[in-house]
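Each of the two complexes below includes chain A, the first together with chain B, the second together with chain C.
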Partner chain A sequence: MRLSALLALASKVTLPPHYRHGMSRPGTMAAKRRNPPGSRRPPVVVEPISDEDWHLFCGDRVEILEGKDAGKQGKVVQVIRERNWVVLEGLNTHYRYIGRTADFRGTMIPSEAPLLHNQVKLVDPVDRKPTEVEWRFTEAGERVRVSTRSGRIIPKPEFPRADGIIPETWIDGPKDTSVEDALERTYVPRLKTLEEEVMEAMGIQETRRHKKVYWY
Partner chain B sequence: MAAARFGVFCRSVSAAVKTARSFLSPQGPAGTGIIHTTLSRKGLEEFFDDPKNWGEEKVKSGAAWTCQQLRNKSNEDLHKLWYVLLKERNMLLTLEQEAKRQILPMPSPERLEKVIESMDALDKVVQEREDALRLLQTGQEKPRPGAWRKDIFGRIIWHKFKQWAIPWHLNKRYNRKRFFAMPYVDQFDRLRLEKHARIQIRKRNLEKKKAKLLQEKFPHLSEAQKSSLA
Partner chain C sequence: MGLLGAAARCVVRGADRMSKWTSKRGPRTFYKSRGAKGTGYLVRGGKFLLVKEQVPELVVPDLTGFKLKPYVNYRAPAGTDTPLTAEQLFREAVAPAIEKDFRAGTFDPERLEKYGFEPTQEGKLFQLYPKNFPR
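And then the complex of A and B:
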């Protein structure tokens, strides 16, 4: 058990100090190309925002405040927390060629550039204008984003899961435990260790006497 | 070499499993397992996935067990679940190794991560229950006894106790261990202390420098901190 924990530590991903996070996930070929091992670039200063204070999620409707597409509204498709970046769908694009070969120039596609969190603002669903947002608690005790101008709650948007699963249409496989079985409570607190309880259940009688051992 | 031997092993294993399959009889009266009549009485097919999933690109799998779900289960259930998860983990590890050998991508590697996560959560829950019982019954915080002792290098370490059949004063090997430091070690102890102090001061200075840099770049941070404190 401890050996597997040790191996897990060894296989844990460690990035070099001042690793510059880009649009690609560290570990992919593109990221390895941009940041080869041994590359030392001056570190970027990223404003430290705690997980509680971060208010932009995938699927939100936001408006761009500055830049090429200032004033346009778009949906957030990707959030890169390490750089406080937000990628909008089809906005703030530059053009690049993809699928280039020796004799073919490639197809031109628009590729989105990321925006910092202070260059975008959440859109208030009431009047569809950009607004400042605060984290507040409802009567029920739920922590929600509230627009400071109109006081309306901005709910967390629905965004398809990365693994492609739609919870409503999920059917359990042969190795999956059903919801009732998983949530069923079978624990009865007793003053017995797991070993003792299992021995009781399996009817194992321990007749061996423990020899005196010295601990030092 | 090892790969060739492994391949031969795999082929022989799969051959054994295939011959058993040809004699496959229907499920037993309890509907629990397959009754074997021939070779693979050893249950080696548990190292491999359901034959329907052989050659698939993706295999569907549910979410991992969370700590809170496992805390609601009795000790017998946890005991059984551990072995179910263990067999699944062995199956997935075999699949991973075979995929590496054939230089193919492993179908749905997230299954292995989920199983490992579930097993770690199970171990954590069992540790919690053991800790609670031990604290209640004996008041001991640590499951394994130990003591703070000075080793031969002058460092104060947590020496974990071992189990021995003979008392310490008769133990030749244990008596060769020295839990004291001679006077010539004091100089090195001073140097080690100095090194530790220098590291701490460097860390503190670096943090101050970083805070100053952040303050310059993002002046609103300090106002936000003050307003949150006030």
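And then the complex of A and C:
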């Protein structure tokens, strides 16, 4: 492999085997500092949970079962699936200094530590107690999380988009199709190909035909 | 490739075997096209004869009063239509006419051309099989 191929493959991310995922996204400066290329650490044991069985999403209200902040409820802010981690807002924090320079000691901020999926439990929305959750289907055929203790459905929470856009308050620009125009159904299925329909609509007459071609 | 890192970028001996073989490489006698289609042919005297049928012509309809724009509002939900299948096309375009004639008693299985059946693709500009248009 040569330099050109190396640069071409830079867009697709290939992590070394047994890459230890941390709180930083792989590719960022912090992650490169923690896992420099060529570093080989013993692999961590992660329970394999399929995408269908995973029940914790950003914006959920969960309660911590063990640890420093056991018994407290908080909102999930980040989910790291590679290690089955869940980061709650402002809970399970330790303190560190940020913005340190040569002569300034830096500002102390609380930074959240991640929790494993079995150290937190989803909170029932009505009685606000932690419950075990199962994936079940509704009458309409929708797959929802149902608390096993009370049978209530826990809806998927709203979490703000990363680009900061709120779809309900979006105002159409000059290049935006409105919702009614986008959902309008104007297609009438006919037995003509697209090219024949276009010729018919624009009034193009074509009487020449291709010469017959044979191949063997 | 695992040995080459961002910090340790040393020159390894040998030609580049992995990049694409293009017309920019090789000796000056090497000719390779980059994919442009021809539009005619050379005739006697060194002249080039343009064939109008080989030159692509864009057919653009008049878009006054056209309501669809390049982007869509964020509020629009995902559509519920499934891709069109042959059975669905038959059911919507041809089946009503056949049913009407059958109930009226004038359905003739020998004369299906009036419902759009084409016994042969000869004589058509856009033949379906073998497909003679690029789309």
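As a convention for this text, the second predicted complex is superposed on the first by the 160 of 216 C-alpha atoms of A that agree within 3 Å, B and C clash if a C-alpha of one lies under 4 Å from a C-alpha of the other, contacts with A are read in each partner's own complex, and residues count from 1 in each chain.
Methods note: a contact is a pair of C-beta atoms (placed from the backbone, for glycine too) under 8 Å apart; a residue touches a chain by one contact, two chains touch by 3 or more.
Here the structure is a predicted model, which is why all the values come from computation and not from measurement.
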First, second, both or neither for A:Leu191, with chain B first and chain C second: both
Touched partner set for A:Arg209, first chain B, second chain C, both or neither: second
Partner chain in contact with A:Thr177 - chain B first, chain C second, else both or neither: both
Touched partner set for A:Glu168, first chain B, second chain C, both or neither: second
Touching partner for A:Val45 - first (chain B), second (chain C), both, neither: first
Which of chain B and chain C A:Arg143 touches, first, second, both or neither: neither
Which superposed partner A:Ala201 touches (first chain B, second chain C, both, neither): both
Footprint overlap on chain A, comparing chain B with chain C: 1, 4-5, 170, 172-177, 182-185, 191, 193-194, 198, 201
Interfacial residue positions of chain A with respect to chain B in the complex: 1, 4-5, 8, 45, 47-48, 163, 170, 172-177, 182-188, 191-194, 197-198, 201, 211, 213-216
Residues on chain B engaged by chain A in the complex (per definition of touch): 50, 60-62, 65, 69, 71-79, 88, 110, 116, 120, 123, 126, 129-130, 133, 136-137, 145, 161-168, 174, 213-214, 217-218, 221
For the chain A and chain C complex, residues of the former touching the latter: 1-6, 9, 37-38, 165, 167-168, 170, 172-179, 181-185, 189-191, 193-196, 198, 201-202, 204, 206, 209-210
For the chain C and chain A complex, residues of the former touching the latter: 1, 4-7, 9, 12, 14, 16-19, 59, 61, 67-77, 79, 81, 84, 88-89, 92-94, 116, 123, 125-126, 128, 132-133, 135
